[in-house]
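Lettered A, B, C and D in written order, each chain numbered from 1.
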Amino acid sequence: MIVILQSNVTEEQIDHVLQRIEALGLQHHLSRGTFRTIVGIIGDEEKLQSEPLHAIPGVAQVIPVLPPYKLASREAHPEPSIVDVSGVKIGNGHLGMIAGPCSVEDRDRMFRIAESVCESGANLFRGGAYKPRTSPYAFQGLGEAGLKLLREVGDKFNLPVVTEVTDPRLVELVSEHADMLQVGARNMQNFALLTEVGKSQRPVLLKRGMSATINDLLMCAEYILSQGNMNVVLCERGVKGFDSLTRNLFDVAAVPLIHNLSHLPVIVDPSHATGRPDLIPSCALAGLAAGADGVHIEVHDCPEEAKSDGPQALLPDQYRQLADQMKELAKLFGKTVSPLPEKMA
Amino acid sequence: MIVILQSNVTEEQIDHVLQRIEALGLQHHLSRGTFRTIVGIIGDEEKLQSEPLHAIPGVAQVIPVLPPYKLASREAHPEPSIVDVSGVKIGNGHLGMIAGPCSVEDRDRMFRIAESVCESGANLFRGGAYKPRTSPYAFQGLGEAGLKLLREVGDKFNLPVVTEVTDPRLVELVSEHADMLQVGARNMQNFALLTEVGKSQRPVLLKRGMSATINDLLMCAEYILSQGNMNVVLCERGVKGFDSLTRNLFDVAAVPLIHNLSHLPVIVDPSHATGRPDLIPSCALAGLAAGADGVHIEVHDCPEEAKSDGPQALLPDQYRQLADQMKELAKLFGKTVSPLPEKMA
Amino acid sequence: MIVILQSNVTEEQIDHVLQRIEALGLQHHLSRGTFRTIVGIIGDEEKLQSEPLHAIPGVAQVIPVLPPYKLASREAHPEPSIVDVSGVKIGNGHLGMIAGPCSVEDRDRMFRIAESVCESGANLFRGGAYKPRTSPYAFQGLGEAGLKLLREVGDKFNLPVVTEVTDPRLVELVSEHADMLQVGARNMQNFALLTEVGKSQRPVLLKRGMSATINDLLMCAEYILSQGNMNVVLCERGVKGFDSLTRNLFDVAAVPLIHNLSHLPVIVDPSHATGRPDLIPSCALAGLAAGADGVHIEVHDCPEEAKSDGPQALLPDQYRQLADQMKELAKLFGKTVSPLPEKMA
Amino acid sequence: MIVILQSNVTEEQIDHVLQRIEALGLQHHLSRGTFRTIVGIIGDEEKLQSEPLHAIPGVAQVIPVLPPYKLASREAHPEPSIVDVSGVKIGNGHLGMIAGPCSVEDRDRMFRIAESVCESGANLFRGGAYKPRTSPYAFQGLGEAGLKLLREVGDKFNLPVVTEVTDPRLVELVSEHADMLQVGARNMQNFALLTEVGKSQRPVLLKRGMSATINDLLMCAEYILSQGNMNVVLCERGVKGFDSLTRNLFDVAAVPLIHNLSHLPVIVDPSHATGRPDLIPSCALAGLAAGADGVHIEVHDCPEEAKSDGPQALLPDQYRQLADQMKELAKLFGKTVSPLPEKMA
């Protein structure tokens, strides 16, 4: 931690800053410049995280030199992690290909879509049973019935399933039915939920919030990891932008940036990032080329009948075509699409 | 709702669009322009909210003409609402002056700060017992002990108290102790939490999320209102900006904009909006001049010892000075600071 | 300047960094922490501005401790500046009330609007003769004829005039006719233009770019000041936001922030910041309450006939009412509206 | 154009709106809904671009149905354009590989870098002679001497050169020496400059402004096209973001979005978009995978000695490795790197 003092700091204030540092059992290193005096703090920066050094009179700025996350950091775990979702691997060369409708809807449709994406090469099936909708008057999901239907689909095709959990009270129930728990963008900083999924044994798909920095995202992963659940996959799904032509702004540079800072796998979700089927394939390929460990795509066989997010779904045929391109690209980069498990774990 | 068709739309596609509209029991009005054909939909737009018209082949754009919120809208309720917090009124000329430390901390400090802000003219005391911290390693609040302490403070000074609730499982407990429930910015779209506070009888302080449009914010208020709790106060507390000199970007225009669209009171929180004590007073006054129904300020008697957000707190004396200016300004605009209740409701 | 080295920096790399600093005639101060080594650079930071220290192998981060602007800084000039526009003062308690149509249009209209805003208390008349329009097919302004008309209006009412200059080749011509030169938001970083207006003797109204940080804005002011023209007034006119309900996002906190960092006067332009007449008055008052040294408002007597930006203009009567409120508010803050000159300088 | 009227619009106001439309020689189509009345305007929307319909009393919203650009639009020119830069083709399957230092610096260094990127497969050499620097005290470029040096390098390697022009007065001079004119992000809406480069015969590389929507960018291209210069290549180089870990936010989805809306080629500049050499290769590949018609990369043989932007330059060896990957990826997508001309046009 580096403390930059104000230009008009007094000797008394300097002494007070140094005493505060000593009181925490840390050492300091004073450097008087021509225009500013700075204090380097030597020792474990963590002790300082809850200390409002910035509020001490005479302090102009406090600059941390270490990232505030530990378990999620690349320094703590230099090798890329592989997350195993009931036999399907994601990370370090293994691609997760997640596909399925936005919401779990009627039984026939679910089986039809699952069969199709499975044939195209998807290795994880998605569908929301609890939907966080911006309108209280919109379809809120099938709830537990949806979870059971999702499980049935997964068992039938030997295809692990991922679904969103929106409420800490539901983590146990959702964990019984799903292979992977999704924490959505709007709940990225729902710390009660993060703590609860951190206590579960299920792998977690943590989506980046719409105004979350990479640091914010990794701190939320840290919440989960610090509860003992090390199976976290991060997901870039677009941040808030100023151009209304797309739903969000797809931050593809987040992929290599996260890979530099953390060992956790990171996938991309061009469906939510763009909200436009005409842009999804290009952005999916861009994500893979940037090094993503997987791609999350919404697929629906009749978007105009979808209960939610229909306008951003690909048709099964469009997904097949994209999946073929993704597999070609993966090959070029020496990556493999993790096969379906023989029998689910 | 207006549906703009693609330039190359076929007659078959037009027929299909019209049939979909009719099937919903609505009328349509076709208008063939030189370059584009558009369809006006006549009838209750609400029926269309869950319908993905945009996904119908041949449709280029769907433009709603009515806001998606009803209970929160000015059209539904032309008079400005007044929210009563245990005897203190907010809205329609009554100012809520909320002040207190970021976190509930030790007993003596709480009484000391409360006494001071009370003398300065605050009519609502704030303090967090459950803190949504970006780091899992940071102070997370005193929990139930904090709630009890807050209640004690409130009773002693006859000063209603507001505190954040972060988990749907805690709404009942927090409602027992606090006069007003705060939903924080990070939880603005935590729909499970909104639903739960909507079922409570306590007034709610709903803070705007960091990347929430005004429409998003009003839809979240609608979640609470639609559960039967009509006592919602909105709070502008800064949105995500690109200039790191301030913590957030204070969107003061949100105040008159919300007043135009909704009958709900709206207050400002310059403490979180700027994160800088040197900017807080100016922004508080700006908020009032823009028509805010109250101001939320963090106050701490020793910021360098604060358990959270110390660097953005005003000192009690700074608050007193600001409160005097706010009262002067209120007078100019013909507003009054709602007095403390004789005895709390 | 503080240089933070990478965690795996070698001794050779450290030596190289130190040699580079010495070669610039500066001293260094090495501090080896538990996790990171940092180097404080002692001496004139300016020498380092063109030096890419960040590109030296082993360097993780370079943190400046001084602002990169000098002439614009509060440290260089602790007293607030007053800019004199042909007898009308702006800054340090003197309010500039700028009003007028977006574009210079026909003669009668100009005289009519000027007379009205003059009566309401405006002390600077605005109107664009060269319009930076987003469409090449839109009205581009009357050019020189517009300048002359503007001058006539100014002379008639003894009212200084401000108009935009968009091209370095036009600075001389515009300076002949106008009392103050406006550099628009889209040209804030048009350095050729800044240099040219810096060489002129006319005061400059420099508008903040839509994605400019305060640092960026002050660096652009520095361009003008460094050419010898010290008469610069800054203008906050909204930054790019994500909510399409308003044209831009009015950053009112920029006013006190600039006042802290710089001695230059700063005014607000709620017309461009919001783009909505229904929000302009509230935001104008908010700007003043935040400490602005003036307010810039577009006024038109028949907005539906305006050649540009009609939808965001106030009517003369609306301006009169707002001006009265602004004068009341100014009085409360101990500020005065600088009177029109007896005879223009 | 669709005009949505206010809910409380009067019959008189409706009549007035219709009269205004008729007066422009256009037809209208009135549709009275349950809650709102809308007016469809039939005829040439262009006539309406300068008309402030929005300012007419009773009008709530005006929604254009056609894009405001014509020459740049895909509708006007369905086939993708190919821009020829002195023999090197960009667009429709031909990749432009632009590389070189940020600034033109000393002679030996220029030849050394050019030789290296040429061997790696670059087909356009870049280097700034006029530098738009945020600080007036920073290196501003070698000016005309830099242009001449750049020309020499181009002639020696038979490699077309691109350089930035920052001032309308310099367009003629720069056109004499360079094969392609760059308009930088900060000057994207410098309409005087756009008009001047539109009159030149040189192809133009138009970089997207930091807060420009795609519509804004295409309107700026329209400025150039409308002057008769049809050789415009667009460049995505990152927009303003909220995460300070990267210099800008790389908007890779802009590539397919522009391809959908316009026939103009679009390239990506991951150097400016990220500002970090560790992210540049991944983002360059992402851009290509998204369909970019070229990649712009800053290369320097000793970044710590670079006169500008050193920290974001790749080393020649890093560029060679990236160029090899880009060529592989291009092959997969059926694209070719346009070879150097036998002899320059």
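FYI, a contact is a pair of C-beta atoms (placed from the backbone, for glycine too) under 8 Å apart; a residue touches a chain by one contact, two chains touch by 3 or more.
Here the structure is a predicted model, which means the values were calculated and not measured.
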From subunit D, the most remote chain by mean C-alpha position: B
Mean-CA-position distance for subunit D and subunit A (Å): 32
Distance from the mean Cα position of subunit D to that of subunit C, given in whole angstrom: 27
Chain centre separation (subunit B, subunit D; CA means) in Å: 40
Where subunit D touches two or more other chains at once, by residue number: 211, 239-242, 244
Touch-based graph of the chains, sorted into line, ring, star, complete or other: complete
Footprint of subunit A on subunit D - complex, ascending: 211, 213-215, 239, 241-246, 249-253, 255-257, 260, 270, 273-274, 276, 278-279, 282-283, 285-291, 328-329, 332
Subunit C - residues contacting subunit A, complex: 2, 4, 7, 29, 31-36, 38, 40-45, 61, 63, 65-66, 75, 240-242, 244
Residues of subunit D touching subunit C in the complex: 20, 46, 49-50, 52-57, 68-69, 132-139, 166-169, 186-187, 189-193, 195, 209-211, 216, 219, 222-223, 226, 239-240, 303-311, 313
